[in-house]
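Both complexes shown next keep chain A, but they swap its partner, so chain B is in the first and chain C is in the second.
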Partner chain A sequence: MPGVLTIAKKEFMDHVSDHTFLLCFATLLIVMVGGALFMIQLVQYQNFITVSGPHEVEEDAIWKFYDYLFTEIVTGHLSSLGGLLAVAISINAIQKERVDGSLRVLMSYPIYRDDLFMGKLIGGALVLSLVAIASMTISFSLLIFYLSIQLTLDFLLRIIVTTFIGTMLLVFFLCIGMIVSSFLNDTSSILLILILIVAALRYETYNVLLVTGINLFSYFGVRLPKPGFYHRGWFRQVWNDPFYRNVCKFSPTESYLKLSESLFHFGWEYEWTPFGTDFTLFSFQDQLLKSLDLVAVLIVFTLAAVTASYIVSTRREL
Partner chain B sequence: MDNVRDEVLLQAFDLTKRFGDFTAVDHVSFEVRRGEVFGLLGHNGAGKTTTINMLVGLIRPTEGTAMVSGFDILEDPLEARRKIGLLPDNPGNYLHLTARQNLEFFAELADVPRGVAEERITGLLKLVGLTEWRDVRVETYSRGMKQRLGLAQSLVRDPDVLFFDEPTLGIDPEGTREIRGLIRRLAEEQGKAILICSHLLHEVSRVCDRVAIMRWGRIVAMGTIQELRERLGVSDQTDLEDIFIQIHGEEAA
Partner chain C sequence: MVGLVCVIRKELSDAASNKTLLLSCAVLLLSCAFTGIASGNIYYYYHLTILPNQPPVTNIELVIMRELLPQITLIGALVAVAYGFNAINKEKTEGSLKVLLSYPVYRDQVILGKLLASLILITLVTFVSLTVALALYLFSTNLIFSPDLLARYFVFICLSTLLLSGYLGLSMLLSIVFDNQKMSLIAVFMLIGVFNSWVFFPYGHLVADAVYGPDPGYLFNSPRPHVQAFIDFILNLSPAEGLHRIVDRLSTYRFFIYVGSEAVWMESELLTVLLNRMSALVVLVVIPVLSYSASYVCFTRREII
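Moving on, here comes the complex of A and B:
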């Protein structure tokens, strides 16, 4: 156990002082903060229109009906850019040490390979927790401050669970990176494969490829029907796509995105009743219970990735 | 004192490593005594580094085993690794840390008590001549300084047996001479058993008490340089390079 803690401590310090990590982290924060500020402006504009319009909407509460405010900007970027950051960390954990020769020295010390793996995993997971907590805290603080959102226990629980599950997703990518790094020696090949994995686990990648293909065919005079509107978030057509329903929902990234969308789906707008306009609001508990299957998918994938990387790291000759 | 010097600290028994159909190391056996510097010579790909990797526990032998200070590397790998120190051709220092931080990390990893570690690190930095550079990041060091820090790293757990894989590769003549002096002192003054892998024959002939010549994974000759001369029936002036070439020629024939 002392060996695990020594390696974890050093791993954590190595990552947080690494220039590549700091650059990736800064990029993630800039994108998230910039996106949050843009969305804040959009919602403030919508709020102005709605409260001036015919419907009775509680003033300053319009943010509740823009779940993409949270999913597109906060969780969306954490799952894509955060995933790439996790991948960068995993390359530093194994491949960089192998190239520098320090892995050979490290493994000549009286420690088990299990300790080495656990130390690297714990150190990496701590750094990724720091990334998730810092980026979520900054983005949500901006949203809460500028949109005058009341910080209730219900809202706080949604943030905490989304951050925790987001960290789990990043640990999944960290483990995938450790597996790929164990099999390949060339850093560029490892990076390329990991970027492809991160991209392949997102539904948007297939949509972009599909639309590009259709456009390419139309250039040659072959007209193919275009897919429906596939914008994620408010319109949610994405979930009706058969490809999504049958295949993509088993991707940990998509599960995380759908889960976060569910957790930040506060209610239905403008429900008409004999007594006038009303709103149906969903509590955190309701939304979490409805999404337990997504939580299960993420837990299964993360555990499988941790187990696989443990087996590869401890059984394979590095 | 002679009894202590006769103590065998490293024994390899029929060490063999196969990667698929390729045999990298083929039934290699030798022993190294306390205070002895033993050289493992051979061309690139002869199996020297694979032999060291098996002895320090980085890869598992396909056949055979070895004893380090009385501990079997397969049955008591952790105890065996407590008794060894490794300096690879690439010293494997953490470049973003200082020399002191590097040694503190490795001392902690080897479970050296904090008080003992501090004293030992101070002594080792003095031994390798890096005291004035102890708080400077390793990335600014010259190749020779990195190698000297690697030497200190290999000694931080106070091992009985040291493995040096091409310890002077890429170092200038002055640095090479310093490292060679340090190796001799470690063997003579501290009684370490030292195994050196190298293809720099003149270097090995200056520092080693005995040598083994490897060819395609097998040891083809072993003994003191004088014993090898006698085996070949050549004059006392014949240097190790000529001996090496002649033995390789014999084996090829």
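Moving on, here comes the complex of A and C:
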């Protein structure tokens, strides 16, 4: 155990002082804060025109009409740019040390190979947690401050769970990166293939593949149910589409996005009355219980990736 | 001239044997082809939702352009970056650049050859992928495109090529600036990530507020024309956003613009759209030109051995 902790500490320090990591982290922060600012500007504008207009709307609750933006332009970036950051970290963890020769030196010390893997995983996961927590805290602090959102336990739990699940997604990408790094030697090829994997794991890719398959079957007379037109954001009723709901579970990225969207959903628009009604129709518990399948999907994906990278790391020639 | 042609041929044959690049090109082709087929379904969906007594605003026949846009800005960018990110620093690390320069070719011929070869490659890949997508879309919907629709789609292909050329130029520039291939790849992808996000709009507003002072109230479009022009300028600095805005207009029958506080409807003629989105067009042209020029200057002036 002390060996694992020593390696984890070394990994943490290595990552935090790496220029690539700092560049990725800074970019992620800029984009997430930019997303938060966009939402603030949009809601302030809507607040301004609605309050000065003919309808009487509870002034500080208009942000709930735009709650889908929390995912679309704030937390969603954890799955795209955050994924790239996790990939960059995974390259540092295996490939860089292999090229520099420090991995061989490390293996000459009296530590087991699985200790090395666990240390690298824990170190990487700690860095990714730091990234997720810092970026979410800064973005949501801005949102809470400027939109006058009451910091209730309910809202706080939504942020904490989304951050936790986001970190889990990043750990998944970290493990995928470690696996690919173990199989290939060229840094550029590893990075490009990993970026391709990150892009391919989007729901949009699955959707076009399935629609093409279904269309091909229909040419041969086999009629299969087709998916409805899908778009995240306003079109939340897509959740009732069984095709979408089943297929999105094959994509960890989409599962995370959908979970985040669900957790930051406070009620259907048509159920709201603007005259002093409590807008929080969907509590945190309701939303989490409704989306437990997505949580399970993300846990399964992460565990599978951790197990696979453990096996690959302990069995392959480093 | 002979030296330049030799370098172009060498680069193209290198590209043909680069497995990662070929893989990226294949992925782009496949994703465009599948998106072309899937767009057929979306066309039928839109067709069903048209209200009978209301003239539609969106040109649903061109829904394919909207659907292809994310593929171009993500997978297309991957192809451009796969070609450019290690074009120089890899040869520098391996020592082949030193060998190349020992032959009777000028330094500027080397970089010009690389840039031209990359331009040829990206044009070919974009045209083939988007044409295949259109063919499959037309096949699955039984549509016949009029010359106007074909012209719009052709403009879309050209603008996509410009966007990807810009990304390629940026990645080439970074491959000259950074000796580390990983750093240049990550940096260019982060840059593309920023271009693909919506951050230019809020930061544009912040900068405009800082420079000109805030507008009265919280308005999305500034009532002061010069301030709005400034915000639009910052927004258009993202070539991906610029292409998105042009495609948005190209695939409509009519759109409105603000003249003062009045909304004026305009017919979405091809020329009107392009003139209306001139600043986005300019950025799409300027980024490749600037990045290629900067690559040329950096390569010819930097110590490369």
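Note that in this section the second predicted complex is superposed on the first by the 261 of 318 C-alpha atoms of A that agree within 3 Å, B and C clash if a C-alpha of one lies under 4 Å from a C-alpha of the other, contacts with A are read in each partner's own complex, and residues count from 1 in each chain.
Rule of thumb we're sticking to: a residue touches a chain if its C-beta (ideal position, glycine included) is under 8 Å from a C-beta of that chain, and two chains touch if they have at least 3 such contacts.
Bear in mind the structure is a predicted one, so any value in this text is a computation, not a measurement.
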item	value
First, second, both or neither for A:Ala296, with chain B first and chain C second	neither
Partner chain in contact with A:Phe38 - chain B first, chain C second, else both or neither	second
A:Leu22 touches, of chain B and chain C: first, second, both or neither?	neither
Contacts of A:Leu281 with chain B and chain C, given as first, second, both or neither	neither
Chain B versus chain C as contact partner of A:Leu151, first or second or both or neither	neither
First (chain B), second (chain C), both or neither touched by A:Tyr112	first
Broader residue contact with chain A after superposition on the shared chain, chain B or chain C	C
Which of chain B and chain C A:Asn207 touches, first, second, both or neither	second
Contacts of A:Thr6 with chain B and chain C, given as first, second, both or neither	first
Intersection of the chain A residues that touch chain B with those that touch chain C	none
Contacting residues of chain B [partner chain A, same complex]	53, 56-60, 78-79, 81-82, 84-86, 88-96, 105-106, 108-111, 150, 153, 157, 163
Chain C to chain A touching residues, read off their complex	19-20, 23-24, 27, 31, 33-35, 37-38, 40-42, 45-46, 70, 74-75, 78, 81-82, 85-86, 90, 140, 181-183, 185-187, 189-190, 193-194, 197-203, 205-206, 217-220
Chain C partner contacts - residues on chain A that touch it in the complex	19-20, 23-24, 27, 30-31, 34-35, 37-38, 40-42, 44-45, 47-48, 52, 73, 77, 80-81, 84, 88, 91, 187-189, 191-193, 195-196, 199-200, 204-205, 207-209, 211-212, 215, 226-229
Touching residues (chain side chain A, partner chain B) in the complex	2-3, 6-7, 10, 14, 17-18, 100-112, 317-318
